[in-house]
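For reference, the structure is listed below as structure tokens.
For clarity, chains are labelled A, B, C, D, E and F in written order, and residue numbers in each chain start from 1.
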Amino acid sequence: MKVVCFGELMLRLAPEGRLRLLQEPKFQATFGGGEANVAVSLANYGEKAKFITKLPKNDIADAALRELKGLGVCVCGVVRGGDRMGIYYCEKGASMRPSKVIYDRAHSAISEAKEEDFNWSEIFEGVDWFHFTGITPALGDNVAAITKNALLEAKKRGITVSCDLNYRKKLWSKEKAGKVMGDLMQYVDVCIANEADAEDVFGIKGETSDVENGKLNAAEYESVAKQLVDRFGFKAVAITLRESISADDNNWGAMLYKDGKALFSKKYAIRIVDRVGGGDSFGGGLIYGLNHYDDPQMALEFAVAASALKHTIEGDYNRVSVAEVESLIHGNASGRVQR
Amino acid sequence: MKVVCFGELMLRLAPEGRLRLLQEPKFQATFGGGEANVAVSLANYGEKAKFITKLPKNDIADAALRELKGLGVCVCGVVRGGDRMGIYYCEKGASMRPSKVIYDRAHSAISEAKEEDFNWSEIFEGVDWFHFTGITPALGDNVAAITKNALLEAKKRGITVSCDLNYRKKLWSKEKAGKVMGDLMQYVDVCIANEADAEDVFGIKGETSDVENGKLNAAEYESVAKQLVDRFGFKAVAITLRESISADDNNWGAMLYKDGKALFSKKYAIRIVDRVGGGDSFGGGLIYGLNHYDDPQMALEFAVAASALKHTIEGDYNRVSVAEVESLIHGNASGRVQR
Amino acid sequence: MKVVCFGELMLRLAPEGRLRLLQEPKFQATFGGGEANVAVSLANYGEKAKFITKLPKNDIADAALRELKGLGVCVCGVVRGGDRMGIYYCEKGASMRPSKVIYDRAHSAISEAKEEDFNWSEIFEGVDWFHFTGITPALGDNVAAITKNALLEAKKRGITVSCDLNYRKKLWSKEKAGKVMGDLMQYVDVCIANEADAEDVFGIKGETSDVENGKLNAAEYESVAKQLVDRFGFKAVAITLRESISADDNNWGAMLYKDGKALFSKKYAIRIVDRVGGGDSFGGGLIYGLNHYDDPQMALEFAVAASALKHTIEGDYNRVSVAEVESLIHGNASGRVQR
Amino acid sequence: MKVVCFGELMLRLAPEGRLRLLQEPKFQATFGGGEANVAVSLANYGEKAKFITKLPKNDIADAALRELKGLGVCVCGVVRGGDRMGIYYCEKGASMRPSKVIYDRAHSAISEAKEEDFNWSEIFEGVDWFHFTGITPALGDNVAAITKNALLEAKKRGITVSCDLNYRKKLWSKEKAGKVMGDLMQYVDVCIANEADAEDVFGIKGETSDVENGKLNAAEYESVAKQLVDRFGFKAVAITLRESISADDNNWGAMLYKDGKALFSKKYAIRIVDRVGGGDSFGGGLIYGLNHYDDPQMALEFAVAASALKHTIEGDYNRVSVAEVESLIHGNASGRVQR
Amino acid sequence: MKVVCFGELMLRLAPEGRLRLLQEPKFQATFGGGEANVAVSLANYGEKAKFITKLPKNDIADAALRELKGLGVCVCGVVRGGDRMGIYYCEKGASMRPSKVIYDRAHSAISEAKEEDFNWSEIFEGVDWFHFTGITPALGDNVAAITKNALLEAKKRGITVSCDLNYRKKLWSKEKAGKVMGDLMQYVDVCIANEADAEDVFGIKGETSDVENGKLNAAEYESVAKQLVDRFGFKAVAITLRESISADDNNWGAMLYKDGKALFSKKYAIRIVDRVGGGDSFGGGLIYGLNHYDDPQMALEFAVAASALKHTIEGDYNRVSVAEVESLIHGNASGRVQR
Amino acid sequence: MKVVCFGELMLRLAPEGRLRLLQEPKFQATFGGGEANVAVSLANYGEKAKFITKLPKNDIADAALRELKGLGVCVCGVVRGGDRMGIYYCEKGASMRPSKVIYDRAHSAISEAKEEDFNWSEIFEGVDWFHFTGITPALGDNVAAITKNALLEAKKRGITVSCDLNYRKKLWSKEKAGKVMGDLMQYVDVCIANEADAEDVFGIKGETSDVENGKLNAAEYESVAKQLVDRFGFKAVAITLRESISADDNNWGAMLYKDGKALFSKKYAIRIVDRVGGGDSFGGGLIYGLNHYDDPQMALEFAVAASALKHTIEGDYNRVSVAEVESLIHGNASGRVQR
């Protein structure tokens, strides 16, 4: 399967371990971004993943592309130009101290890209699946227009489209998000969301009000999914269910709503190594799962197990193989040494 | 509010992560000390904190002062002279392996300071609060005398005085501690102690005997506090309550005894990053809390939340803001990513 | 007591923290191996431990010996020659992601050693105890023959022999292991095994079938030990009991079967720092315990406490003292700071 | 003496040692900027240095201020607001491979500051000297206007003004620079330049044409200085003279033109540790020197020795004391161990 | 141009900076090998470079391929299988202390590869140039046979062939090398050698006898090249000329003998960062140069400048661009900061 | 040969690379001391070296002994007790910035040792050579007395004694040094000094006055040696000759005065990695050389080559072998890669 992911790729600057930002004069310097993270997951599973973005011509962006290429993601369609690459600073929380993300992404090359930068007809040659997240159109009206161009071309070609709602309050208001995303949803086949996205973007909610404290309520999630399907005609809706015990311990599961039925995954109690990119790894796993298993429950379990493993991996990218995910699905969660 | 803290500042040498001392030929090199830790907490909360000590004229002490200044602590009153700066080696425990502290503090500049080194009248100009710990008079009879000079001047000026009993058995015997501290307590308004201090220094105990195993008994703590108030006339007594499950997991809370009433804080289950300085961060939080909240319960909750957060911060100093502490007080303990 | 341990010593290459192999271009480079790990434990406890192996004449092996010498192990009997030193790559797991060990040990100097390389009569001069593991004879028929030579000489001299079964499926088949080890067991006095070894090597099992999920059944372990004693005439059998909750959390205990009685140790819930070498540290603790305590229960408790502590230490070697182990046996498991 | 320096402060991200950018996934993260570097130099020499800029309210800028405060620079006048802090990536060259600086400074808080952000009358209270560089007005017309406001106020108060021309071709054209700087020069008393600045900004040159190859010609520099004085009426002009043998080895000296006389300094052959900030450290040294020595030759020697030492210090800031500079002036250049 | 390089790729383990091997328990872990180094150079210059080898199926080899892919080298033809990847330990010298390389490459997958592992007809599809070094046939008779198969197919297809003699005394004797290489040379068009190779492999020498002391004699090098051309009919012979002043300082140049003329390059005085891979970077530069410049002198200058730059880059791979090499050719060797 | 070295062993804390002290919050933590450095050199050359000192019973001292044992030095005679281990902070200079050493060694265990701590009769059992430096008696009158006891016993047993004058102005005045050392010299056979020691301690000088600038004058050194022999009756005097070009570059050679003749060594131009311990490595080399070569010129060349190599090694200890030193003596100074 050939998948295109479109979005922003950022430099990620993080202190070592559990240090606060700049407590020592060092940063770990890696890369990540919602859609790139999905592309890496898919490449790791052996899919042909192509990542589309715009990046400046400089050594920092070159390094970002070097890493993606090394991980097997095709970057031949990346447009080069613009002034800068977005950055985010990432401080890992611990216990009751929350993780902290500071964005410095304004004026990035992708956020200032133009519609004519992307020839979607060429990009989608031979492509089966297109994935984007709600972050991409949030980057600006121009990027929303580019996204719409992509969706129109994708639909013309019968490409399946998935979207992770991924609401970011620092990028746009709920109102703006609702309006722009509401328009784009008509082209989407598979909608992915976390506990809060549907309400933030579309005002769709169950009665669960206490997301901060991580209480989950299965019935309400089903209700949210049904409302999403009813309003936008999605073929499937997946919602990740995170219970945050602390910055170190989370419970993690998901629901897949498909053909009028809500399937719930196994739930994992996770000791967290790196939580950022957890949702994206679910998206990557779901796209793989829906295309490789006849049984939607298995697709869901693959996505959840893959993203559970991501929480044990440093960095945005989910560096695990299909074999590792399947081993976990089949119950090997004891962490024993594999010699 | 302007606060003066007086005590020893040491170089802290620690291996990385959970390595044993010198398992690799490196040390993290930071600084800390009971009273400096309190001063940093207060500066972080926006208070005018001044730290008083004596340090030699060398590059190591210069670096210590550079860090304090950077953190907003006034070091203009630090006396320079003497031969060396105290050092402590700090090995982090893990699971059932205890953390280990080795002191190399004898003959430090402050431990050999003279009464005439400190002009308390000048130091206390415009000051509202004075804080010291039981470690300071334990450094030697000369330092106990200096401390008494400070207390006399503080009382003359109507400055509120807080003292953290902080008994250190390597510095003096219980008998000596009881005698010296017993004399100094007459000048103290707010007394802070951990589970064991009151008994170690003053022989005051409830019936709780199993501190090592971390069992707590609320009633007994109240009894200890009442005895302290009865004997020394403190306006308030605060006792931190630590249950040590392991070197990685502690439960943490505190009691504030004030106006004849024992208030108990919320209790936190903490996954520990760095435990050293935990008690001091409670002291810093309490001084702030007592001065900024009318409700003593809120003062206590601030102190406990602040010190719970400290356990998630590397190094002696509690690098958190009022906003972060208040967010935790208001129930945001899930460790979710703050974007 | 003078102990000889015989086996392979390898270079251990591991990424920092919880990184995947070569996620960053660095390795921690330490050394380890089943029998060397036991020798280090014993040297730490004050015993005269001598380690026998064959290593090439190069800087890597020199460094390995430098470390052993530093830790107090006598390496004067190590044979120098051959082409290379075995290597293992070690990736630490996290949560449900298992730890991973990749061996590159074929063609190591010890695996290609010859019988005439070792003069056992000389090596065993004044020796009281001889220890090896099932890994050593698995290295090749030549090494099995060398091991048998050692055992014959040991028995001739009345030296007590202990063997940790330590089955490694990458080195030999169960059939081959059963045959070779079955022959060597006649010289063994104390047999050590983990949950799976007895079945893997000798087909001896209770009804416990779910080792991967870490369920334990005390009665069955007793049955396994009894069968081992019945078949091979061991004076004692010790079986370690590991419940793997995850790569971060294990429960750990052991059984000692001696004089027809099964003794069960206290069970420890361990937050893991480094799990590799855990079994070896049990062996080291048991050899010490059986020689220093009259009460076999104490010997067992020493071995289990020692190996519980090993799980909190980075690297293969168990860097703890008798005092630290005994403190844990006596209930000090709270991880409180030792000042 | 009280000095105000005004300009941009940036986060500096650099790989370790001589690695290329992102050859390993780490950055050293320090701070620097032409005028801040001067302020730090002066604070190290015991002067009252105040740094003025605009920085966003975030943890990155907080860390930058923490370091400046620690180094003794007053940052109480720093305006907080705006969106981001400028960044520069810095790759150290080696031998014939040049060092490389990549700027990501557009849209920084200071570059988008407004005239009303700065109350120069308040800032200049009690100030003796004002320093800026040609980088500051190059940040935008708004910042040029702010700079002019500062200069007008400075002149009104009789404050001495120094300016380092510091031409940056990525920020503006030579034409624009010439026009804007030409206007500002009327307020400047002491002009500092390197070999190329005078020509780049004002088209003033001698006949030296081969700056890239580092050939120097004393007579021509005198001619350049004279022309600068003639055109702008400076009280003094200082020009640094760098011969670049390679990225590792430079010769370094300077000329001071004052009262119609050209003074030439001792020339240093430097093995370079970190070259960035070398010119700024000359500026800092010169301001100190002109205020502390009657003999202008001594002022010049101080500036050159200080900046020679800077080339041996990691990071933008010149971490040396007056005593260290004077020791070098007095001929102690042998690098012998000071015990 | 499409180039195939064939040879061994090894894991390179090196201590930090100038530490001796395992002086600290860490290794930098990168990859390299004569032919892979050439492939990386060519990919950096924009050529289509394909690297052929055999590597085991494990995480270490995966990481090696990840890096090559990231650097733009096609690894789609790499055969997976066999037991291990070769390793070399690399200790950087300093001053008069020589660098030290310890190989652990026996039994590597490529050294045990079979002729049927490689389908050269497929590999050479559309290829213009084939490069190998004398290390490859030295790995064993099987690898020599594979190399000969490659050469036969290359010649059948009219592919240009280059060979770097690269004599390694630890892999084979001079006699064996002379015999095997003598046979392979009939297929070679461009022969590359260092000062000592021609004599070591073919007994061809001038009168220069003092290679260790780095004295060079241009006339003799020409004589060696001429003899090589006469004996083997090469179209071109290139000899690198290294004068080793110390482990830190080398002079570096080369001669290209073509069409009966000996061209000598500019000579560079290099302060060394990492010397390993210097010769390979010359080969990569020469292949590029011969294909992109009409003037053979320019081809030679490109090769020498490229390899001079390599000595300033950490690791085996030459991470420089055509623009950087050409800038150096055009005289920009001053190492000035490029802003 | 069996050698005993007696003196202080210190913890050495140093920043990475060329950073100033505590510019980053890390220290490299190694160990060193004049006499221990000599012992390590000798152990590396295969001699039986025993180091005598007094160290406290703590983890820091344990680590120090672990390293010495690993390096082959016998530490069985080290007395344990006292309060602390001496520390020195070591900042590497660069170019014209001098290296800097800050001592924190007062009150160390050895400086407070008592005469009865050392049973010299037992220590000297079977010993051939005794080495100490002028630092040891400088630690205090008690240590001077212990040293004299050692010397008396050494002479009684006919043990050869060497002393490196090593004057340390922070430990004692020239007057005190002259008096104490003058008395001890009667027991010394081989006296080692640097350019300044003879004058500092005994007021013996040639006319060379410009040691700081590193100018050497062979004739004067001979005169100094002759005066030393005349006054104290030494069998041999060795003087190291250091020309400090800068902190990076030194010229290094030595003179041996024996049997009335002054022999001068080859002179090395050294690019320095770590200069501390350079003199001690000369002492170690000289003791080895005088015992292994009949020709005193060879003994001298060995000592100089060994110490030249030391300047390329990180840390106090000279980690080189006899083979490496001899290779350098025989002219292999080109730093070529040894494969």
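Throughout what follows, a contact is a pair of C-beta atoms (placed from the backbone, for glycine too) under 8 Å apart; a residue touches a chain by one contact, two chains touch by 3 or more.
Keep in mind the model is a prediction, meaning the values are calculated, not measured.
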| item | value |
| --- | --- |
| Where chain E and chain F overlap in contact partners, by chain label | A, B, C, D |
| Each chain counted as touching chain A and chain D at once | B, C, E, F |
| Chain whose Cα centroid lies at the greatest distance from that of chain E | B |
| Maximum centroid distance from chain C, chain identifier (CA atoms) | D |
| Pair joined by more contacting C-beta pairs (B-F or A-E) | B-F |
| Copy pair chain A, chain B: interface residue numbering same or different (half cut) | different |
| Whole-Å gap between the CA centroids of chain C and chain E | 45 |
| Mean-CA-position distance for chain F and chain A (Å) | 62 |
| Where chain C touches two or more other chains at once, by residue number | 17, 20, 25, 100 |
| Category of the chain touch graph - line, ring, star, complete, other | complete |
| Interfacial residue positions of chain C with respect to chain D in the complex | 24-25 |
| Footprint of chain B on chain C - complex, ascending | 17, 268, 270-273, 308-309, 311-315, 319-320, 324, 328, 331-339 |
| Touch list for chain B against partner chain D, complex | 66-72 |
| Chain A partner contacts - residues on chain C that touch it in the complex | 17-20, 23, 93-101, 103, 168-170, 212-214, 244-249, 275-276 |
| Footprint of chain B on chain F - complex, ascending | 13, 20-22, 25-30, 58-60, 63, 83-85, 87, 89, 91, 100, 102, 104, 106-107 |
